[in-house]
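Two complexes come next, and they have one chain in common, chain A, joined by chain B in the first and chain C in the second.
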Partner chain A sequence: MLDLLAQTGLNAVYAASYISLVAVGLVLIFGVMGVINFAHGELFMAGAYVVVAVYADMHMPFFIAVVVGLLFVGCLGLLMERALFRPLRDNPLGGLVASIGFLMILQALATMGFGVRMEFIPPVTQHVVQLGENISIPLARVYVIVAAIVLLSALWYFLKRTRFGWALRASAQDPQAAELQGISIAQTAKIAMFIGAGLAGIAGALTAPLISVNPHMGHSVIVTAFIVIIVGGVGSLEGAIIASIAYAFVHTFVTTFYGGVIADITGLSLMLIVLIVKPTGLFGSADRA
Partner chain B sequence: MLLEMKGIAVNYGKINAIRDISIQVPEGKIVTIIGGNGAGKTTTLRAMSGMVPITKGEITFEGKRIDGLPASKVVAHGIAHVPEGRRIFPQMTVEENLRTGAFLRRDKDAVENDLEDVFKRFERLRERRTQRAQTMSGGEQQMLAIGRALMSAPRLLLMDEPSMGLAPVIVEEIAVIVEEINAQGLSVVLVEQNAELALELADYAYVLETGNCAMEGPAHELHDNETVRAAYLGI
Partner chain C sequence: MRKALIWIAFGAALIALPHGLSFSQQEILVFLTINILVVSSYRLLTLTGEWSLAHVVIMGVGAYASAMMTKNLGVYVPVAMLMGGIIAALIAVVLSFPLFRMKGFYFLIGSFAAGEIIRLLWKHFRDPFGGAKGIKGIDPMPDFSIGIYDFDFFEPVSYFYFAGFIVIVCLWILWRIERSPVGLTFHAVHWQDKLAEASGVNLRAYRTLAFAVASGFAGIGGALLAHYIGTINPGSFDLDYMVFVLTWAIVGGTGTFYGPILGCVVLTILNEVVLRELGFEQLRPLIYGAILIASILFLPNGLESIVQKFTKRSAKS
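Showing the complex of A and B:
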């Protein structure tokens, strides 16, 4: 029984890793752009398809494919900023609707390029790390956990210790006051979109060999990310990470012991309870980022 | 002349916020802009720092045209704006707020010196260095906003209603600070609802009325002027 609990906990840590990468990117974009990016799940999907193209089809090393995934999806973020969010600045609802349109375009492009069927991606490594008699974790999952810790720590350092990190937070908290300090909002918007989208892309790329890759895979990801950022408090990066971990543990344990459908219901119920008890989320305030 | 505004107009949509305003700020002086609500004081200040586009006229700073530049570029010329309502970054620490004020500066050693100067001037900010800005009192936030503006090493400081919402004793403190900053050679444009205070501090004053300049003159003269006393000093 103890082994089962430990094993489930390990699985939860893996889930928390990629969920927090996606959720933190979503929060960052919301903070700086003031827009809820509905296409965020499809950015995750795009990252996964980069691995299909670069690793599975072109037989390049997996590591290269992951880096390409980060850069390519980061650039999709820049494209969204330029084509959608910049012309629709001061119109958050318009930005939201435009991001839904972008979501459909990405899905259609993935379908045209790769078809609707699930993609087969050869496993990166068959190695399984044995931690006890009945506790083990595939090495590919360890990669995801390590990558999430490294990337989130790097983001933390960037936001708290560097001038561009301060500029990013300043523009999220008060864009006009930020401009008065010489910060160009157009520039911080680009940085936020590149990082936010890139994190979704690398999460998709890293998990691609472990999940089913298809053009509609973004749906469940975005629903999870929304639950997490609402529970954590929209606009709070710390909240997003802590809520990702909490959600991953609840969801994984309920899935293991009661089944997936019950787990989804539990997750949504938790979100409702948080919304009723503390509408700003556990770590949220009226301000952003 | 350090800053010169000639025949400025600013429109918000179809409304003329200011119609025809000319203001001169000499080097090393405190110039104040007073007037009632909606007279266009804040808009005039925002036009100076590039926060709102002007539709008429021209603005020069140290002989260079600065109208048409976005706010993020005007700072680089040496104009720092302490906005109405302080507008500090609430979730950032006091030190992060101050360092963000030096965002454009590359002279690292001088930035450290200026940070030390700000902490010397406002000891309370030093004590609260790692505290989130939003947790501070109104007076402390106003000091932070001034400190943040000083961190850009400006030659002209624009202050919009620094006394707003503060207790009288804090207002006195802010007034002393403005005088000290000015005594060290920094020119100041002060927009104030509190005309009494503004006219005491300033060398020269402009009185705005519905987007136009109704009167101007040395501050002490306006302070003793019958019309000004009746309209703005409530005496």
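Showing the complex of A and C:
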């Protein structure tokens, strides 16, 4: 029993790491752009398909595929910023609706390019780290955990210790005041979109060999990300990370003991309860919606 | 007088319409009729300024309720359809308690969560709802005759007349609601909520009313769909369908009564006639996505703004 708990806990840590990458990207985009990016799950999917194309089909090394995934999806983010969010900055619902349109386009492109069937991706490594008699974790999952810790620490350093990060936080707090101080909003918007989308892309790329890659995989990702950012408080990066960990543990444990559908219902109910009791989320105070 | 003639001509055209179409086009016409009801009821909800992502799931509530009543209790189909609408409205009232504590974006996400929970409940409980496979073999509408015309519901034409009649009655009711003092209050709740509240309008009650009425008509739409296609499952009422409804409403424009209907008709014609004939069926989500983006970027007030340009004298509405 103890082994099962430890094993499930380990699986939850893995889930928390890729969920937090996706959720932090979503929060970053919301903070700076004021737009909820409905297409975020499809950016995750795009990252996974880059791995399919570069690693599985072109037989390049896996880590090159992951970097390509980061860059490619980051550029998709830049495209969204330029083509959709910048022209619609004065229309709060517009950005959201446009991102729904972008979601459909990405999904259709994936279907046309790769077909609706699940993609087969050869495992990156068969190695399994044995932590105890009945406790083990595949090395590929360790990669995801390590990548999440490294990337989120780097992001934290970037946001809190560099000039760009400082500008980014300023324009998330008060765009007008930031602009008056000589911070280019267009510039920070680009950086935020690139990082936010890139984080979703790299999460998708890293997890691609571990999950089923298909054109509709974005749906469950975006649902999870919404739950996490609502529980954590829209606009709060720390909240998103803490909520990711909490959600991953709840979801993984409920899945293990009661099944996946009940786990999804639990997650959504948690989100509704937070929305009813404390709509700003457990850690949020910013309110730009 | 002239108006009456136009309506009679319009009615005659509707009756004649399916006879010029192929079988599959007649089927699409039935779906279009149902979708018009769904998108029009959605507009009633948007009148109060809230954009729900649960509307299609609520429509599914009506479909499930009606299908289960005919299958398990043997209720006469039209009665079950009406009951489906009533149950959808009641579920909406229940949902309104948590959801109307939220506004704007939070309401959008909250309604999405509520809808997903309902869909997952259908998926999880195999006993009444049939699980992921849903409900199969739903009783079709029993045939009947009204003297001059025999309804044979194996024919899509008959179902089109039947559904068309119900939808027109529902649209008429929706239109009357919008033009009544209640409908004007809905507008006030959206545009002048502080003023309305200060004038003694119970905002929460009116929001709930709009939500319940819109959901009730969506439920009837769902029931019409269920008894036509004969099988429903949780996937029939997923986010993709919701996005289509949203697209119709946004492309058409929600400022007028006819806007969403126009969007629904134009996009369905574009989709079924143009795309299918040209063999671009696979591109459907791509083109819908592009149209959605293009209309929000270049035509933020929808197709109705084009119509209004040509008929400027209807400015009094």
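In this section, the second predicted complex is superposed on the first by the 285 of 289 C-alpha atoms of A that agree within 3 Å, B and C clash if a C-alpha of one lies under 4 Å from a C-alpha of the other, contacts with A are read in each partner's own complex, and residues count from 1 in each chain.
As a convention for this text, a contact is a pair of C-beta atoms (placed from the backbone, for glycine too) under 8 Å apart; a residue touches a chain by one contact, two chains touch by 3 or more.
Nothing here was measured: the structure is a model prediction, and the numbers come from that model.
Once chain A of one complex is fitted onto chain A of the other, the partner contacts of A:I105 are limited to chain C, with no touch recorded for chain B.
In the superposed model, A:L275 makes contact with chain C only, not with chain B. In the superposition on chain A, A:Q176 contacts chain B only, with no contact to chain C. Once chain A of one complex is fitted onto chain A of the other, the partner contacts of A:A167 are limited to chain B, with no touch recorded for chain C. Using the contact criterion defined above for the overlaid structures, shared-chain residue A:S184 touches chain B, although it does not reach chain C.
Contacts of A:F226 after superposition: chain C is touched, whereas chain B is not reached. Counting the residues of chain A touched by each of chain B and chain C gives the higher count for C.
Put simply, chain A uses residues 289 to touch chain B in one complex and chain C in the other. Residue ranges on chain A touching chain C, taken from their complex, read 36, 84, 87-88, 91-94, 96-98, 100-105, 107-109, 111-112, 219, 223, 226-227, 230, 261-262, 264-265, 268-269, 271-272, 275-276, 279, 289.
Of all the residues in chain A, the ones that touch chain B in their complex are 163, 166-167, 169-170, 173-174, 176-185, 285, 287, 289. Interface residues of chain B facing chain A in the complex, by the touch rule stated above, are 49, 51, 70-73, 75-76, 80-81, 83, 87-92, 96, 99-101, 103-104, 134, 148, 152. Across the complex, chain C meets chain A through its residues 51, 98, 101-102, 104-106, 108-110, 112-114, 116-117, 120-121, 123-124, 239, 243, 246-247, 250, 282-286, 288-293, 296-297, 300.
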